[in-house]
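Notes for the one structure printed next.
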Amino acid sequence: MNELLRQLLFLPEQGTAYARSVDQLHYFIVLTTMIGAAAVFTTLVAFVIVYRRRHAAQTTPHVEPKPIHEVLFVGVPLVLFLTWFAIGFPQYVELQTPPKDAMDVYVQGKKWMWKFAYPGGPNSTDVLRVPAGRPVRLLMTSRDVIHSFYVPAFRLKQDVVPGRYTQTWFRATAPGRHQLFCAEFCGTGHSAMLGEVVVMPAAEFDAWLADQRRGVVAAQDSAPVPSEDIDVRTSLVEQGRRLAAEYGCFKCHTVDGTQHIGPSWLDLYERRERLDGGKTVVADEGYLTRSIMDPRADVVAGFQPVMPTFQGRIPAPEVAAIVEFMKSLRTDVVRAPPSQGPVYVPVPSK
Amino acid sequence: MSPSPASEAVYNRPNYLTADRGVRSWLTTRDHKRIGVMFLVLTAAALALGGFFALLIRIELLTPGPTIMDAMTYNRMFTLHGVVMIFLFMIPAIPGIFGNFFLPLMIGAQDVAFPRINLATVYLYLLGAAIAVYGMVHGGADTGWTFYTPYSTTTTTKVAPILLGAFVLGLGSILTGINFIVTTHTLRAPGLTWHRLPLFVWAIYATSVIQVLATPVLGMTLLLVTVENVFGFGIFDPARGGDPILFQHLFWFYSHPAVYIMVLPAMAVVSEVIQTFARKNMFGYKAVAYSSLGIAFVGFFVWGHHLFTSGQSAFDSGVFGVLSMFVGLFTAVKVFNWTATLYKGAIQVSAPFVYIVGFLFYLVFGGMTGIALATVSLDVHWQDTYFVVAHFHFVMAAGTVMAFLAALHYWWPKMFGKTYAERPALVGGFLVIFGFAATFVPQFLLGNMGMPRRYYSYPERFWPLNVASTAGASLVAIGFLIVLVNLVVSLAWGRVAGPNPWGSKGYEWNTPSPPDKENFPGTPVFTHGPHEYQEPVPAAAEVTHAA
Amino acid sequence: MQPETQAARLAHHFPDLRTQENAARLGMWLFLATEVLLFTALFTAYSVYRYLFVHAFDEASRLMHTGLGAANTLVLLTSSLTAALAVYYARRGQARRSAVLLAATLAFAATFMVIKAFEYGHHFHEGQLPGRFYTYPELQLPGASMFFTLYFLMTGVHGLHVLIGMGVLAFLMVRTLRGGYSTAYSTPVELGVLYWHLVDLIWIFLFPLLYLI
Amino acid sequence: MAEGSHARAEHGADHGPGRYVVVWVVLVVFTALTYSAWRLNLPEPWHVLVALAIAVVKAGLVALFFMELWDHKGATRLVFASSLVFVALLIGLVVADSATRFPLANPPHEGTLQREPPLGAVPLPLPAMAPGAR
């Protein structure tokens, strides 16, 4: 039944359990509306035939509805519509609430390509590789105008907005390849801003990711990164290190645990910080990003509010890189041999 | 109902068309009927222009790759198609033509409340159109009619003239709205209580309320984008802390109610035509009347359903999602009451009625897909795909055009005193109705498949349905040509219509065709509601000025 | 010039002068409603950005000269008083008195614009300007430039309304002096002054939003 | 004024010019009040609430007496009141969106409740102020 209706409605395959449940609602709505509309139309046609005009001077009785008619006219559709909403809205909330154990992938849209950055450094362009059966959270931002990340097979779409992050998530059921579209108009290359989501068996994905990480580290060891622009091949962490140096972060922040003008970045990520006002805050991505953009909002106790704002001076993707670099600065990781990439730490979702 | 010598005589005496002569008398007229006719000419030209752009778009999409234009031209085409169709045709058309012409006639008034302002709306329309056309000729915008920031603030195309043109057109729209509201409040003839008003007036009144309250927000938003585009003040600029989603809120606060500015006048026409051709009073007059106001009111509470995937909060999405269901409700009430009106009627299937059946088809299916779209989780899949395109073309394009054509055929004899040939009208009507279905049903399926809108090229699996859609569009074009030729021909060679060719009991038919310059010789007095058919309809020639 | 007769004032499509006057007033109020909604777009933008950048807006509003703002508030309130009195006397056929009051209103309006110009000059000098023109070194917070974007947009659009209102008042004053209005017919004065009150009304909200909070 | 409220639909205005002067005096007093409240530096959120409440009262006075809504019944009042409904609607739902979004989907900003510590916070011994970045 599911398969028949899916084919009839020209829907793409169902790459996630979420897609399946959305389609169930789709079928329910299509069937009820078709039946309802057919009923209205049959009535209309029947009236036209039965009550056709028989002579030119024909008169008609004055008919007024009883209250019950109008109550039915209002009540029946209302119950139906609200039922749809009651089914659909929880599904939407589910889509807006990534599970806590989701793997994070940073997505960056720019005219006219998609870039993906995986935990531990690997990057890719236009091809997003994900493990089957595991939840993946996408933290997305844009470099220029609004784009929209759209995978029809997952029934999933989320706008990608410059200057801020939006999130979405999915758990692909089976290995396969699915098309990725940009769905928000973004210029002449809009219809060419295509990509692919490649779902791999989980074990294969792990192997691929480990392989990529090694490759990234090897690339870092062998060739120093060219410093002009962000290169896709460079790991996000390495970009962050370079950008932090460029922007002069190290004038006030150390990476070895020594306190200087600002807090040290070592082990900063996920640390519980006491603020000047007596409140405490967990230094997650949100806090770190905010602190770069608006340093005087939440000053850690014991430090002076002297840091300038970087609002408008660092593009959002570069902030992401710097934050990723901060995340990589962990006592256990920094001292690890260089051949191992930084260990991935899951992000607590809000 | 054949015209008698008496109605020939009526036709030949001076009427609003012939009382004054010369171009000057038209350009300086304050007669609401002449202003309606001018809007007919202007908006018909806009429809032709917008339709021309639409055909070019469909031809471009005939093949997956480039067909007849490059990507930049294509982007300009769909922007211009949207701007022209929305701001120059759909918003001004029915209120500008039929609202102007018939609202005063229906309430027994000599004119609208502010005739000079009414004339000014014609010139504002011309000015706005001129500015927009200037922008089109000198580069044309490529932003889509939605002007989303930051694309619209950073594009290199000439978006500012188009924005200003839309602003001026918005001002005209506001003035029309104010005029109709004041007219309905103050110029109703003695005896014409609110509950005796024709349903056309109720719906136009509701439209006017939206025009007055929503359009200023669009005006300011367009100005902000212009300022941002030209000076870079940063109000929507993410690099300076600006919020592009705020633009979307402000834009849709106008543009969602605006779809009701386009559809409510269509519903206004439907109520009149159905009552005349079913020869029966409206089943549930009050329900239909107040549902117009309900749509106008609740229509303001649902704009956020355009933002489900934009990064809007889940809380707002829930609020907007549930409120959107209530707008559908008012439309459903109307559809049920219209259908029930046919019960025990005396139905005559003429061209206007056929168009109305077409309208009901598009409204029911377009409306149902609208409710489906408002179902939050389904919208995530459909947002910005061809499903949305097909949905609003079903309701706004096909639906509104059906009502527009129905109104044109229904009131043509009243406006110009001549009847058109019935058979070509039916042929044209069927072509347009089936053409629209053939154009947009494939687009629903394309949307289901996941084809995003505003795509210049597309993967090959979308090809067959796109071909079907283009084929349908050509049917619509042929249908329009037949309608146009038929109506224009009737002006010269049509039969003289007589005051009431349909045997209607709508108030506006109590005037000669075409009406006198002063509408009524005295002040009409109303003693009952419109469309009461318990008494036989007087023979056409006997209709006098008594109301 | 003699006051025109009632019949000449009555347009052909109105049954009587009172209906015509009600229609004009209702039309004016509808127009004022559109003005309110026009400013609402700006108030919405202000609310959102103040919510997001509460601290920056707080700091930035301290750069405003609240004394001048308060003075301008008093100027506009007083101009509203003189305008209202002008209508009062116009209705009673005291054209001279009415014209003098309209002139006083115009003078207050001009005062408002002069004070505003001083404030603008100060902000220009300090680089407290919108968006990319913002160069004020003492306050570098995210959202500070947004405050000035909104400040200039809101006061700019309001200032434009003041100028339009001044044009309307000047027209009414001249017509009043020429005896265009009488006890029987003073609707244009009433409507023009309604517009002026709206300009005042908007400022009553702009003052606390931009200067006080 | 009380009898005026329902006696006339017409602007017959049986009140004298004194009414306008009285309203003006009240408006001036409120302006002085809001200015002194500002000088007092009331704590958050009171300074916002007080300023806005006074603005609403002043606007009400202008609308009711200067603009004569007190005397005009019916449609004009309805028009003005309904425009205010839509003002509240637009501002309310848009701010609600900003307040309830996924936090990173707002531009980087300070949280509304976490304001900068008062200037009297105890300074810690720190190295000399370093220049900003770069």
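Letters A, B, C and D mark the chains as written, and numbering starts fresh at 1 in each.
The rule we apply is simple: a residue touches a chain if its C-beta (ideal position, glycine included) is under 8 Å from a C-beta of that chain, and two chains touch if they have at least 3 such contacts.
These numbers come from a predicted model, not from an experiment.
With C-D and A-B as the two chain pairs, more C-beta contacts join A-B. When chain centres are taken as C-alpha averages, the shortest distance to the whole-protein C-alpha average belongs to B. Each chain gets one centre point, the mean of its Cα atoms, and the points for subunit C and subunit D are 17 Å apart. One inter-chain figure worth recording: subunit A and subunit B are separated by 38 Å, centre to centre, where each centre is the mean of the chain's CA atoms.
Centres computed as Cα averages put subunit B at a distance of 35 Å from subunit C.
If you average the Cα atoms of subunit A and of subunit C, the two centres end up 46 Å apart.
Counting partners per residue, subunit A has 96, 161, 163-164, 166, 293-294, 296-297, 308, 311-312 as the residues that reach two or more other chains. The set of subunit C residues that touch two or more partner chains comprises 26, 30, 33, 37, 40-41, 44, 48, 52-53, 55, 142-143. Of all residues in subunit B, those touching 2 or more other chains are 185, 213, 217, 238, 240-243, 245-246, 249-250, 311, 314, listed in ascending order. Chain contacts here are complete: no pair of chains fails to touch.
Against subunit B, the residues of subunit A that register as touching in their complex are 9-12, 22, 25-26, 29-30, 33, 36-37, 40-41, 43-44, 47-48, 51-54, 56-65, 69-70, 73-74, 77-78, 81-82, 84-85, 87-89, 91-93, 95-96, 144-146, 148, 150, 152-153, 155-159, 161-164, 166, 179, 181-192, 194, 311-312, 315-316. The part of subunit C that touches subunit A in the complex is made up of residues 55, 140-142. The touching residues of subunit D, counted against subunit C in their complex, run 10-11, 13, 17, 20-21, 23-24, 27-28, 31, 34-35, 37-38, 47-48, 51-52, 54-55, 58-59, 62-63, 65-67, 72, 75-76, 79-80, 82-84, 86-87, 90-91, 94-95, 98-99, 106-110, 112, 115-116.
Across the complex, subunit D meets subunit A through its residues 102-111, 114-117, 121, 123-124, 126-127, 129-134. Only residues 96, 139, 161, 163-167, 247-249, 251-252, 260-261, 275-277, 279, 285-286, 289-290, 292-294, 296-299, 302-308, 310-311, 350 of subunit A touch subunit D when the two sit together in their complex.
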